[in-house]
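Pasting the structures here.
First chain A sits with chain B, and in the next complex the same chain sits with chain C.
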Partner chain A sequence: MENNEKLSPFHTTILVFMIQSGVMALILPQLLAETFGTNGWITVFGFGIIATVNILLIAAVYKLGKGRSIFQILEQSIPRFMLIPIYLALAVVWTLLGCMAGKEYILIFQMYAFPTTNPMEFKLIMDLLVFWLLTKGLYNITKTSTIFFWLFIWMVLLAFFFYSDFNWARLTPFLFKGGKFTYLESLDIYSSFLGYEIVLLLFAYTNQKTKLIKATLIGNSVTTLTYCYLAFITFGVYSLGQLKNKAFPVLEMMAYIRFPFMERMENLLFGFILFTVLFSILMYEWCALEMLKHIFPKLKANFLAFMLMLMCFIVAYIPDTINDVGDWLSTLSMIECGIAFGLPLLLLIVLMFQSMGSRLAHE
Partner chain B sequence: MTFSQVLRTMMIKDSGKNSGQEEQLPPEQDIRPPTLAHTLEEFQDCSDITHLTFPNHQTDLIYFDQMTDKDKLSRHILKPLLSGNDEEVAKMLQHLQPFRMTSSKSLILEILSGGVAVFNGQDAYAFNVYSPENRAISQSETETVITGPHDAFTEQVSTSLAMIRSRLKSSHLKVLRLSVGEITKTDVYLLYVKDIVNMRFVEEAKKRISEIEVDAMLDTNMLIQYMDDSKYSIFPQFLTSERPDAIVSKLVSGRVAGIVDGSPSAFTLPTSFFEFFSSSDDYYQRWILGSAIRLLRFIAFVITISFTAMYVSVTTFHYEMIPENLLLTLTESRSRVPFPPLYEALLMEITIELLREAGARLPTKIGQTIGIVGGIVIGQAAVQAGLTSNILIIAVASSAIASFVIPSYVMSASIRLIRFGLILLAGFLGNLGLVFGIAAIVIHLSGLTSMGSSYLNPVAPFEPKDWKDIFIRAPFKSLRERPTQSDSPNKVRNKTKE
Partner chain C sequence: MNKIMRILLVVTILIMLPGCDYRILERIGFTYAASYDAAPENQVEIGISIPRADPTIDLVRELHSAVGKSSKDARVKFANETDLLLVNGQIRVLLYSEALARKDLSNEINSILRDTSISPLVKISLVNGNAKDMLFKDYKQHLSTDKYINRLLEKASTNNRIPKTTLYEFERDYYDDGIDPIAPILKEQAEDITVDGIGLFRGYKYIGKIYNKDVLLFSILRGKFKKGDMGLDLDSVRDNDGSHEYIMFTSVVSNRAVHVKHNANGPIHVTIAANFKGSIHEYIGDLKLSKDADRHQVEKKVSEILSERGNRLVKQLQQYNVDSLGIGMHVRNSMSYEAWKALNWSEEYPRIKVDCQIHFKAKDYGKIR
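Our next item is the complex of A and B:
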């Protein structure tokens, strides 16, 4: 009965937050320190604003397209044979992005807790979970995301543990000193905000009540604030020099949390990050699946999902080390940034032609 | 089907063509007029049937002696016939006029339901004198409460219905009678409060019950499995209770209840995962106590699914998580154990399950012996023999105790079984396995529905105003609306001024 229901604003907000947040949050403070230097955490707001602008671009598509799905918009003006390569390219980028995000998470976990285990064993189970979710449809995916959100968000409370170690002096009165700004690194930072562009594919699952754009904007704000809080605490706990040299400052910080009966919980807590990582992977794979459904309309969705996850699993064999995966992710994120801005722009152009065409027809 | 055909059906969408299934018609009603000969033929070889003939009055009686109220039968039927007074017999037959039967089938059904069939000439009547042997109303053994009413339903559906009616004195309480079981013809009653219930659920329940085509229906817990949304799920999708007060509270909150004749438990729908964690007791205590107990149950849920799995994960892969002082104790107790933690844990968990099952099947007195023997075996002896560590005993025992805190026996049993899956995952993949397991449970739960409404209501879909009667039990004055899940047309339930 409820499977055909449209998304609710709350679920959409949570979904956007869950897609955006991921493994990058653990590396973010180090990237900020390296790129911007002292008080680099402030720039998180700047990146948040860029993401907001991009969302507003998507809002324009949503409004001008009157809620039509991007497939309907594109297929009205562009012949199908020209669109199929675009769909395929998008599907490949999204599949790889999901795949690499998963592999990176697994490799970090392996590095911390299972140095001798084959990471592909973990990847297999992770891909099975993603496949299972893919077959459940978007409505159930959003329901799952809400539960996963609660299982994950409580960890924000752990930041209280660092209040005693937090030192205002470490923040220094200097702004952006000691960093080495590169565009490539800042793109890496921005990639931790990526994920909101997926709402482009959610148009068909929404109605007026969803308040899609407002929900997305709130989701993005929650991500920005969470990142900012996390970066702020990390900048206050570590000095700039330390921060620059730590690969996973947030994980290392977690290792300091102690209870009388348990300590060094970083691998358990890192496990809980799976809930949000799983969603980043899932939603990219879901987008790829949507594309594949339009390329092969005659094939069953579950079969396509199976093939997609099989490909994803096989491709994950290629990069071996965290650095390799990091390189793949950097390149893919760069392309994804292009898609996040380019796709809405393309759609806007198509929509403009369509409205011009209809105006001419009226005249 | 060849392999290529199988592959094709897996890959390619169904073109939507109907395979030409024929619509099944309901079985034809036997509309023949009732006759003595036909009725006797139907009950041929039923030695427990009683057939009395009164040739003077051209009257025959057919009934099952053991199902009838002797006093009622004698007063209303036998006495006038035995008196030999024609006037009295005529008077009796006049009294029977409203119970005249027109079809053979309905007459036979009446006899089967404890009626007496009276044949007089061409006419046939069925008079209900049903009075079976019945168990006295007693306390529920599976849902005991400390404060509040102690009576529980019995196997006799009329008694159970009377217990509900006496608590819910409203003509809006509607009771639908359906029949399930081609041979047993078991009565199933669906109850709802008109104007409070959403009729969508009533219609859906009616539809699902009428679609059941089975030879026998013996219990409520059997019926609800036929009505499940997801038949392969481990979780119960209907709440069952033996307590009339609990069922009445569900009815007034806009849910539909159902009782199967011959079963001491009733079910309600729709339900959610979180509903299984509340008990009637919560409402009979002060709200702070009620809330604390509810929270305790959720903590118990976490303990029961994670404690043993955590032990396995930590002792197999993540020794660094144990503080130094505790580590010494743990290593000492584990030093004599020759098995890996996974085997050790499975051994103990299976032993506990064996003890539980044996205790449940045995009479109380022998059950106590099992408890003592089991306690010694798994407690002291297992540790001294070096089969297991002390700390594991604590983990296993606390997760077993925690599982019994969950008020619903069915839910508690499901959760206990899931625990084994988590232990295995933790044994193979450590903390990550544990998290994978939790993720799998959540994914499965999110996909579940109860009569089409989300099983995780009110968390997903997000209905925060219902949380105050799910995770805590807020003061009555703040529980103003019926739960969102019942989607009641009449939302407000409490108009008491603050």
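Our next item is the complex of A and C:
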């Protein structure tokens, strides 16, 4: 039924933005300061370009595959029994990724706002919300994401609060000095851009009018610009040493906002971040669900969704400190980076063989 | 499916509700202000003031104090003395005695920075004398002391009597390698509290102070300055012929630029050029302000006096070896990263040559000509 409804370009752009921006954005400026040092915000553009290259890779798959879903492409050339383990592995990674992103957000939120509450209570509510959205299908998810986008994006305007404390002299004229570059940390930074690779699974829900690739590229640019603006402000408001020392600079900045009639309103603002975090989680779970649907075609989708979220909830019990969750998230993001580049490459190879095969058949 | 959803919803609500972490406002003690004093054996004495809003008792605020190894250690002690649940979310003012600050504030500040419930907007201030005594005393003609101090600091910083020094600014300047942090100093004066000056820090250590009369000038030199009042005796430059010349101006808008010149084998030469405009509110003297020539003469005189005082102020800062004006930031930005790292700024700073050029311009001079 949902296959009849195709995504619109606008919804797709927003969906991509909502998936990309997530819990890593809260830590991003600190990572940039730590890894690149002075004026590290500029590197956001670099990461944005890498993401763009990756999207172009996906575009090639979309074009060569003529809009067929990746399942159709794969199953045409590779026997099913070989694909099942791949599907399963992807499903596991995506489930865990969504699960850990959720737990990370909850642990941070709970540390600031509800220090005595059990984080798993929040997790339960969040997972329920994700479950309900999962059962509604992709088209409704994108519509919801548009609403949630507006509930979230106004927060960019809050940056005006920091203009008075912004100081150009604090940015320093030095380019990338005083940082400690490690590949691991830059992968962490890159993981805040992840999410665009999900469009691989959207092929079946699009048609010509969707302009999938263009929409994705725009979504990625919006993310890049937002991150860049955020990092730029943070670098001008905080001194470099201070920024390196902050666990959650973006949350701290929010605590700096105050109105004449209200102080300490950051807990209210933290809640709004949920909207974008929720979509990162939701879409990873959705991808995992798509995989599960292909592994168990006989089972009902809603039942699969329920089992998926149940697993997601149970697994979230295992890592219980903020550092553990961070480590899990780093490892998973690293794998996800591999998937983001590897999966389109695999598909391209398969497509190449297919076109070669068809050419041979024609000859 | 809808039925399952509804059942799920009901079950969730049933699971969630008993877990509710309910809090009754009257039973929570929102610490409003805290004081820190040095105690023997490297301990600190902490005092806190909690506003009470219970109509059944005739009490405006609750006060507790304890001596401990750290602020959190002392907190555990006074948590036992009160029936309230102590929380830090609404702390507005932190008062440190000069004696404690002279030792080092790094433990105290770091403990505050770690606490997620404390706002970065909390005001940091030094106290000339005993911080606890100041906080615990009731000042007859004022609000309850904690609120009084908070509003006093807020007013003083919005009027630019003192630069804004919240935890955010304090920490930011601490971590920046081109500027040193500052904090206002409060003093008890009979039945009032007044601003005594500005405390100069090196790291988290209190080094010296700028007295009240130079505070405005300090703010102008530090930059980002919108308004304030200043009175000046103009007699000091010309020989005293018996007539008294005095000027008072307000609503000052200033901009500051720092120019750095590197000399091949001399010390670094820094020029702080500050232009500011003000309205003259009071002028006692022989010149007529409506006459351009006369007014320019007054402007020139004010500029000269302020530049000279500015130079003296910078000398004083150099003697203390604290770069509270942030000159280092501009020196840093004028050279390459490697050269800056090779330069030992705290060694170089007392040696550099600083020239303050302050230009005053009278925007208007009130209702009379």
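Everything below uses one rule, namely that the second predicted complex is superposed on the first by the 360 of 363 C-alpha atoms of A that agree within 3 Å, B and C clash if a C-alpha of one lies under 4 Å from a C-alpha of the other, contacts with A are read in each partner's own complex, and residues count from 1 in each chain.
Basically, contacts are C-beta pairs under 8 Å (C-beta built on N, C-alpha and C of every residue); 3 or more make two chains touch, one makes a residue touch a chain.
Computed from a prediction, not measured in an experiment: that's the story for all the values here.
Participant: When the two structures are overlaid on chain A, which partner does A:F174 contact: first (chain B), second (chain C), both, or neither?
Facilitator: Once the two structures are laid over each other on A, A:F174 reaches chain C alone.
Participant: First (chain B), second (chain C), both or neither: which does A:L133 touch?
Facilitator: After superposition on chain A, A:L133 lies in contact with chain B alone.
Participant: Touch test for A:R258: chain B only (first), chain C only (second), both, or neither?
Facilitator: The answer is both, since A:R258 touches chain B and chain C.
Participant: On the A-aligned overlay, A:I125 touches which partner chain: chain B = first, chain C = second, or both, or neither?
Facilitator: both
Participant: Quick check on the superposed pair: does A:R359 touch chain B, chain C, both, or neither? Answer first, second, both or neither.
Facilitator: A:R359: touches no partner chain.
Participant: Identify the partner contact of A:F109: answer first if only chain B is touched, second if only chain C is, both if each is, neither if none is.
Facilitator: first
Participant: Scan A:L240 for contacts with chain B and chain C and give back first, second, both or neither.
Facilitator: After superposition on chain A, A:L240 lies in contact with chain C alone.
Participant: Please identify the positions on chain A that touch both chain B and chain C, taking each partner from its own complex.
Facilitator: In chain A, residues 114, 121, 125, 132, 258, 263-264 are touched by chain B and also by chain C.
Participant: Which of the residues in chain A end up touching chain C in this complex?
Facilitator: 38, 111-112, 114-118, 121, 124-125, 128, 132, 135, 165, 169-170, 172-174, 177-178, 237-242, 245, 252, 255-256, 258, 263-264, 302
Participant: Under the touch definition given earlier, write down the residues of chain C that touch chain A in their complex.
Facilitator: Its residues touching chain A are 1, 5, 8, 12, 15-16, 19, 21, 89-90, 116-117, 119-121, 168, 171-178, 326, 329-330, 332-333, 336-337.
Participant: Quick check on the complex: what are the chain B residues that touch chain A?
Facilitator: 10-13, 317-318, 320-323, 326, 429-436, 438-440, 442-443, 445-447, 449, 452-454, 456, 459-462
Participant: Mind pulling up the chain A residues that touch chain B in the complex?
Facilitator: Spelled out, the residues of chain A in touch with chain B are 1-2, 8, 10-11, 109, 113-114, 121-122, 125-126, 129, 132-133, 136, 140, 142-144, 146-148, 150-151, 258, 260-265, 267-268, 271-272, 274-275, 278, 298-300, 303.
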